[in-house]
Amino acid sequence: MSGSTFGTIFKVTTFGESHGPAIGAVVDGMPAGVEIDQNFIQQELDRRRPGSKAAGSTLRKESDTVEILSGVFEGKSTGTPIGLLIRNSDQHSSDYSQLKDLFRPGHADWGFHAKYGFRDYRGGGRSSGRETACRVAAGALAKLLLRRISQVKITAYALEIGGVRCQNIDLEQIEKNPLRAPDLSAAEKMAERIEECRKNLDSCGGIVECRITGVPAGWGEPVFDKLDSLLAQAVFSIGAVKGFTVGAGFAAASSTGSVNNSAPGAAGGIRGGISDGDEIVFQAAVKPTPSIGQEQLMPGVDGAMHPFAIKGRHDVCIVPRVVPVVEAMAALVLAECALRQRCAVVSENSN
Amino acid sequence: MSGSTFGTIFKVTTFGESHGPAIGAVVDGMPAGVEIDQNFIQQELDRRRPGSKAAGSTLRKESDTVEILSGVFEGKSTGTPIGLLIRNSDQHSSDYSQLKDLFRPGHADWGFHAKYGFRDYRGGGRSSGRETACRVAAGALAKLLLRRISQVKITAYALEIGGVRCQNIDLEQIEKNPLRAPDLSAAEKMAERIEECRKNLDSCGGIVECRITGVPAGWGEPVFDKLDSLLAQAVFSIGAVKGFTVGAGFAAASSTGSVNNSAPGAAGGIRGGISDGDEIVFQAAVKPTPSIGQEQLMPGVDGAMHPFAIKGRHDVCIVPRVVPVVEAMAALVLAECALRQRCAVVSENSN
Amino acid sequence: MSGSTFGTIFKVTTFGESHGPAIGAVVDGMPAGVEIDQNFIQQELDRRRPGSKAAGSTLRKESDTVEILSGVFEGKSTGTPIGLLIRNSDQHSSDYSQLKDLFRPGHADWGFHAKYGFRDYRGGGRSSGRETACRVAAGALAKLLLRRISQVKITAYALEIGGVRCQNIDLEQIEKNPLRAPDLSAAEKMAERIEECRKNLDSCGGIVECRITGVPAGWGEPVFDKLDSLLAQAVFSIGAVKGFTVGAGFAAASSTGSVNNSAPGAAGGIRGGISDGDEIVFQAAVKPTPSIGQEQLMPGVDGAMHPFAIKGRHDVCIVPRVVPVVEAMAALVLAECALRQRCAVVSENSN
Amino acid sequence: MSGSTFGTIFKVTTFGESHGPAIGAVVDGMPAGVEIDQNFIQQELDRRRPGSKAAGSTLRKESDTVEILSGVFEGKSTGTPIGLLIRNSDQHSSDYSQLKDLFRPGHADWGFHAKYGFRDYRGGGRSSGRETACRVAAGALAKLLLRRISQVKITAYALEIGGVRCQNIDLEQIEKNPLRAPDLSAAEKMAERIEECRKNLDSCGGIVECRITGVPAGWGEPVFDKLDSLLAQAVFSIGAVKGFTVGAGFAAASSTGSVNNSAPGAAGGIRGGISDGDEIVFQAAVKPTPSIGQEQLMPGVDGAMHPFAIKGRHDVCIVPRVVPVVEAMAALVLAECALRQRCAVVSENSN
């Protein structure tokens, strides 16, 4: 009940802390007969790994090799749970002992302490970005399923980083630059902005946009489990996300019905919570990572404020690494909706 | 599995269409011993009813009288499910027969048709705003629980309508004007904007902001069921919502870590998905209601586009009516989190 | 979370107490396009009503008219929740006031008091047999679904009453006698046994057996949600059930592998938790209803024991009325498993 | 959705096949602050391992060493998911290739084939008894929780094996004989019966009884999630179980209300689905394991019957090994009910 399961029919349960021996996931609900391409899962995981300096990532090595423990036989899913294991190779708990009695600003530290009465102070624990590796691995399985039952294609990218916004959207460019921006010219300015932050021992955020094609009309449920409602939960469950919009988003708030009803893209591919067959487009606002090298004032368990500079390696900008996580969460939602839709009508011939 | 249940421990299941005999809800999970003030539930429902012309509402009469069918004995909850029933007094199905073969723009009509192969064309059915009356009634029960176990106070209001934004936030003003704006001067301009839309047979949207005080630090779960993640799902499940933000929202995307970490209100009362004890603040973008009196082009079941003007009464602006629905959904999430927190630690004395 | 929901994809939520204004159910997950025969639902409810004196039932009148509130349009399910309402016509709370401070033996009274700190002492409340009317109505919907997607036929009957066991099983006889025994000769002896109990102000129990044909091989899930596991939960959730067996049941315990592997009917149609295509057969042991007219010693809230005779009408034997409830619960389980099976394989053509 | 998750608040998800690289479990919902005694978990697992020849077990070595991957910090649960991993040391898939095209009688083989269109034919896969190791490990965690919040003690034993029934119940004897019988004299006769079966290349079953003390009155929910209902599901989810009874069980069916109401132990500690504070007693009928060395007729994928003798080691009687699994499943149910009870009343002081 600590909320580590996502989905009902396509159900993912994750476990593991950044500084324990391993993290992992159990995917229960993959239909039998799906070809499980382990290379693809590994590729997706590699996309999430710390990247180049230009992308604002630290250079530590995380191999993130995924081991499939169950649920696959002779290259295909068997219909039973797929266990996924990723060993943690790099556990330097000692780095964190000085943070034992401090609550880092912008992090879950204080909340964990208030919630559980004590906390595993070695890094973020369950709130660490490392946990998202499990989502990416599970999301890769969801993508394999979606590919098989519909021509669903999910593409996320950095629309904005450090205040620099892409002027063109060319999906071909995304994986060709470390920022995962669909606009190479914007990517250069983003890299400059990141470098500037690095020098200031600071960090920056951005906006991830996601486009999904190939979803047929009819996915999503009418009331609480609307397609956009599930996407909102999924994307907001990613640590640094502070905003989520579909289609016109906040611009719709100042539009009129006559304009908004017919504006292309205003609905974002979802009307009344149900896919309408158009391209699905949503955005997530990612805050600047709170882990920075500057000295900051931090509340302590003693109730006082303490000036403290967190040592160690910090990502300056996590936005490029959030991109594959957003895709993974979207894939989990769509796999769920695709399977639910199989139960929506008594018989396909009856319609 | 049509997604009509919300929550796990404090679990609400709704049913009913706008043009059927009744709508209702079952609240399973209310702890025993809570005083059930039926007047309060009715008052909350009355807040959702169509209001004055100034608020952009139609003037049809809906009594929306709630009947409590079970789960209450001698004024207190018994611990068993509370059944709530609201009869539909005003079913003019004939109004809708002309829409039988058309899909209204911006509505769920086409999605329903694609999903189920046919649809109840009498109004929005499950996608009608009428369904939200059940949420408000259930949310009232959640508020009664929250009031009892913590001094939680949930206040939503219209921050912006038709592009007019409040300059001051005075919570005392909200229920004193039909727009539910916390700024009377802005409310006047909003009313003008609504009147303008009415004349144009058009509609307008806005932004609802919600402030919650009294939530102790520690509510919300670390991974998929983060407090903001559940709020995002809850608020996005309200029909017209196209955007959701917490704290700094999209502004955080262009901030830096050093600024964002210490900016008052940036976190919005939730860090790492767990309440931090501060005031919780979130916003929802509400699109202009797609039901307008202008002639519009509508796709038909025949595949062609048809010019058509929807007759009947339309709300020009649903934002003031969305306000109590947003509060209700927030209350359902918080009631769930409050009860989950009871299971988070083995013993309060053990810490 | 008071456990009033059953099923995940075909999900039933019930509410209501025996002495409140109404009881009801919400069935969420009925696929769209199923013909909803309201007469059939009513007939199933009528089978659960108190019957003739010969069947050991009291003669009070309960009309148990079900009203369908939602989810059906032009005679077919729409895919949205079906709300079912049954008004309580006969609420004599005064009969029960004398039981306010006593805990009836064999009933849930003491458990409720211990659980919730107080209880609705008017009859059994949620533990009343009356609650099962909702199960029968929901089960009727499940039967309509099962009939449509497979030729599933569920037939339960009184195998044994008051120690009298049927020697022949002729399913044609079941509805021809008030005991619902498949053996008319046994039925006569059962009626005598019941009459004897009535004279003694006593009650008697029995065994309900259920046979299900038409279930294809492959329904049920491998581990926790085995078909027999779900049936066990479903049947044991009926108030008076104290035992449940499948196929050879306890006789299997003293058999050998060589014999049991090949004995016809030993598996009861379920192996490894999955239907094998054979007839499914299970039994439920029903204890004698604890409500009897004799004076009994009852613990009071004061901690002392009190001699007390419960006045009013009592069913001498509830077994014939449990028969349709067992069928209903089996139908709910099978509807769930049938829909889950739609998600088990990626594509029927892929095998 | 393959049904590999058990519980809602204390939620266990298992994965893994007998012949894959590993099996494991994720326990999500353990409250923070519980001392996690890894030795105890290992001891429980050791109780499930193949035992002595006298107990009818094969002598293969399974180390079954459990690794805790997450959720524990400095010896205490952190409130986050506890990942448990058990490597499979002994995978002889080649032993099974000859069974590729045959469906073993009494096993899930045919059901799996019908369900998924193909199957992992290496042993029982998910239906293998090996899967129960995960239940025992998770159950050990549940026991640690129950011990902490209430003095719950769960003791199961072999009441009957191969038709030999214990005449005395002395719980002290259980772990002193390989049959786990509470009657040493019966244990000797059981061992003889097992030896006889072994010589015949046959197997035998039995009855496991479970006694639970220390459960306070009030656990269990009134309707579908009755305590006995959840126990029934839990116990019936163990592969070989064909019957489940509480208290008087089937004997209640032929009793009368006046007798049954006051008979000690008739209720088995559960009335109306709620614990009454008395000792909880239930029984499970275990069929003889279908894996025997005799030549048997087996259906093949070709539709014909084939005489075949399954080679390799077989347990003659799995009853002693089922004992700790029954305890584990009972512990999972009780941990769930204990936590749910924390949400049943608004305030303990309010009663």
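Brief remarks follow.
For reference, chains read A, B, C and D in written order, and residue numbers begin at 1 within each chain.
Criterion: a residue touches a chain if its C-beta (ideal position, glycine included) is under 8 Å from a C-beta of that chain, and two chains touch if they have at least 3 such contacts.
If you're wondering where the values come from, they're calculated on a predicted model, not measured in any experiment.
Compared with chain D, the chain whose C-alpha mean position is the greatest distance off is B.
Chain pairs B-C and B-D differ in how many C-beta pairs are in contact, and the one with more is B-C.
Centroids built from CA atoms put chain D at 46 Å from chain B. Taking each chain's centre as the mean of its C-alpha atoms, chain C lies 26 Å from chain D. With centres defined as mean CA coordinates, chain C is found 38 Å away from chain B. The multi-chain contact residues of chain B, meaning those touching 2 or more other chains, are 1-5, 8-9, 14, 29, 32-33, 79-80, 115-118, 125-126, 222, 339, 343-345, 350-351.
On the side of chain C, the complex with chain D involves touching residues 1-6, 8, 14, 105-112, 114-118, 124-127, 131, 160, 162-163, 197, 200, 202-207, 216-226, 228-237, 239, 241-250, 252-258, 260-262, 266-268, 271-277, 285-292, 294, 296-297, 340-341, 343-345, 350-351. Of all residues in chain C, those touching chain B in their complex are 1-5, 8-11, 13-17, 20-24, 26, 28-29, 32-33, 67, 69-71, 73, 76, 78-83, 85, 115-120, 125-126, 339. For chain D in complex with chain B, the touching residues are 8-9, 29, 31-34, 77, 79-80, 145, 148-149, 222, 339, 342-347, 350-351.
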